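Here subunit A shows up in two complexes: once beside subunit B, once beside subunit C.
Take a look at the complex of A and B:
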């Protein structure tokens, strides 16, 4: 059943959450997720990304893949703001378990069109319990 | 006869690394590759696994896989030697048996 309300860009946009739980490079999940996010960005929905478990490794700064002969796709996360993907939720507990802090993450920002194009951080550090609430608030969850 | 063990899975996602350590004998070599190199970083919830065997195993991590994941050599746990692909080949050649923990 398709109603007017369910069509993209119609009276109600849907909340999409892309859940990233895998490290980059060891498997293809992280790159596939990023590609789907970029494709999905064309549909003008309310998009958020969640990073927890090994997914937090995707956005660690200083990645240099020359030695393993694979494309370093980490700079692409910094372009997400240009696609109006501006909410990257990162779980604090997942960082801590891996000996990481927010300072170890890339500077991913967006320009806020509602605030004179001020540059603002896209990364929002949240607790595990906040992450569960974020997931509960979605219309669609795509998991990688 | 010492064995070379290679581990390519993150210690947080799979129990592969723990199982390797549980089955490795003193004097064996363990080489961390691909996502296995996350086990080599300081201050993680898995660091205790290394600490318990650091000294009785020869521990290595592949430098190219560390660099790809943004792990600097100074954040690698002391006692783990960083090797390049040539060093990987040397380890294979030096051991009669290799066990790949996948």
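Take a look at the complex of A and C:
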């Protein structure tokens, strides 16, 4: 059986994965990665985000940047659902290695138009080996 | 094969732009196509014409400009990243009320959509930078 799942690009769309591996502050990569995601959302591609290494800190809740003079851009992640970016894969081991649990992450949700606009969580906790499978299934991986 | 090139680091501090240049040159020599070279993050700094490296060193911006001339390459600098870092063309400089522009020949400033389009249109996107 050939499905669109097995033939990425067959319908003219590609699978884009944005890989986030760095802490939200300290370097600009996280912020400028998010800018790519928001612009890319207009292109009707199959978009996913991956968070591992220090990238998991990007979506930790309760971020307060007053002391470092930087704009707290973390609320933008919660708006991703409005851009139809609904798959945020977070690596379980990366959380554990940093003493974090899924409860430490922001509530990032989307409204599922195929399910009477039910509100659903966008964050999906996956194991390191599952993450490798997710990455292997992509057409374009942009790692910032 | 049709390659898209993404450069995420500025010149000289990192080898990323040099490696991307060598890769692009080698790919073209092998008969591959380069859909676009996109400069993002500090990579936009590769596109200033005001750098003056010592004469016995490679000139990274010149390398790109010459390669673009020879092969009709599309060198695109991200506008949002460029504005943050002071890389401006004439119209951006005018719009921002600045007294000068500094974009190098062969480079053009455009939006992030050009990066997404590169991903869609290329067989492979190869990213340089750490």
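Note that the second predicted complex is superposed on the first by the 134 of 144 C-alpha atoms of A that agree within 3 Å, B and C clash if a C-alpha of one lies under 4 Å from a C-alpha of the other, contacts with A are read in each partner's own complex, and residues count from 1 in each chain.
We adopt the following convention: a contact is a pair of C-beta atoms (placed from the backbone, for glycine too) under 8 Å apart; a residue touches a chain by one contact, two chains touch by 3 or more.
Just so we're clear, the structure is a prediction, and the values are computed from it rather than from any experiment.
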Clash or fit, subunit B versus subunit C on superposed subunit A: fit
Subunit B or subunit C, by number of subunit A residues touched: B
Partner chain(s) touched by A:63 [first = subunit B, second = subunit C, both, neither]: first
Contacts of A:79 with subunit B and subunit C, given as first, second, both or neither: neither
Which of subunit B and subunit C A:23 touches, first, second, both or neither: first
Touched partner set for A:97, first subunit B, second subunit C, both or neither: first
Partner chain in contact with A:53 - subunit B first, subunit C second, else both or neither: first
Which superposed partner A:118 touches (first subunit B, second subunit C, both, neither): neither
Superposition-derived minimum Cα distance between subunit C and subunit B (Å): 12
Complex interface listing, subunit B residues touching subunit A: 8-10, 12-13, 34-35, 38, 41-45, 47, 63-65, 67-70, 72, 75
Footprint of subunit B on subunit A - complex, ascending: 22-27, 53-54, 57, 60-68, 70, 72, 74, 97-99, 104
Of subunit A, residues touching subunit C in the complex: 14, 16, 28-29, 32, 35-36, 39-40, 42-43, 45, 139-144
Footprint of subunit A on subunit C - complex, ascending: 6, 8, 40-41, 80-81, 111-113, 115-117, 119-120, 125, 127
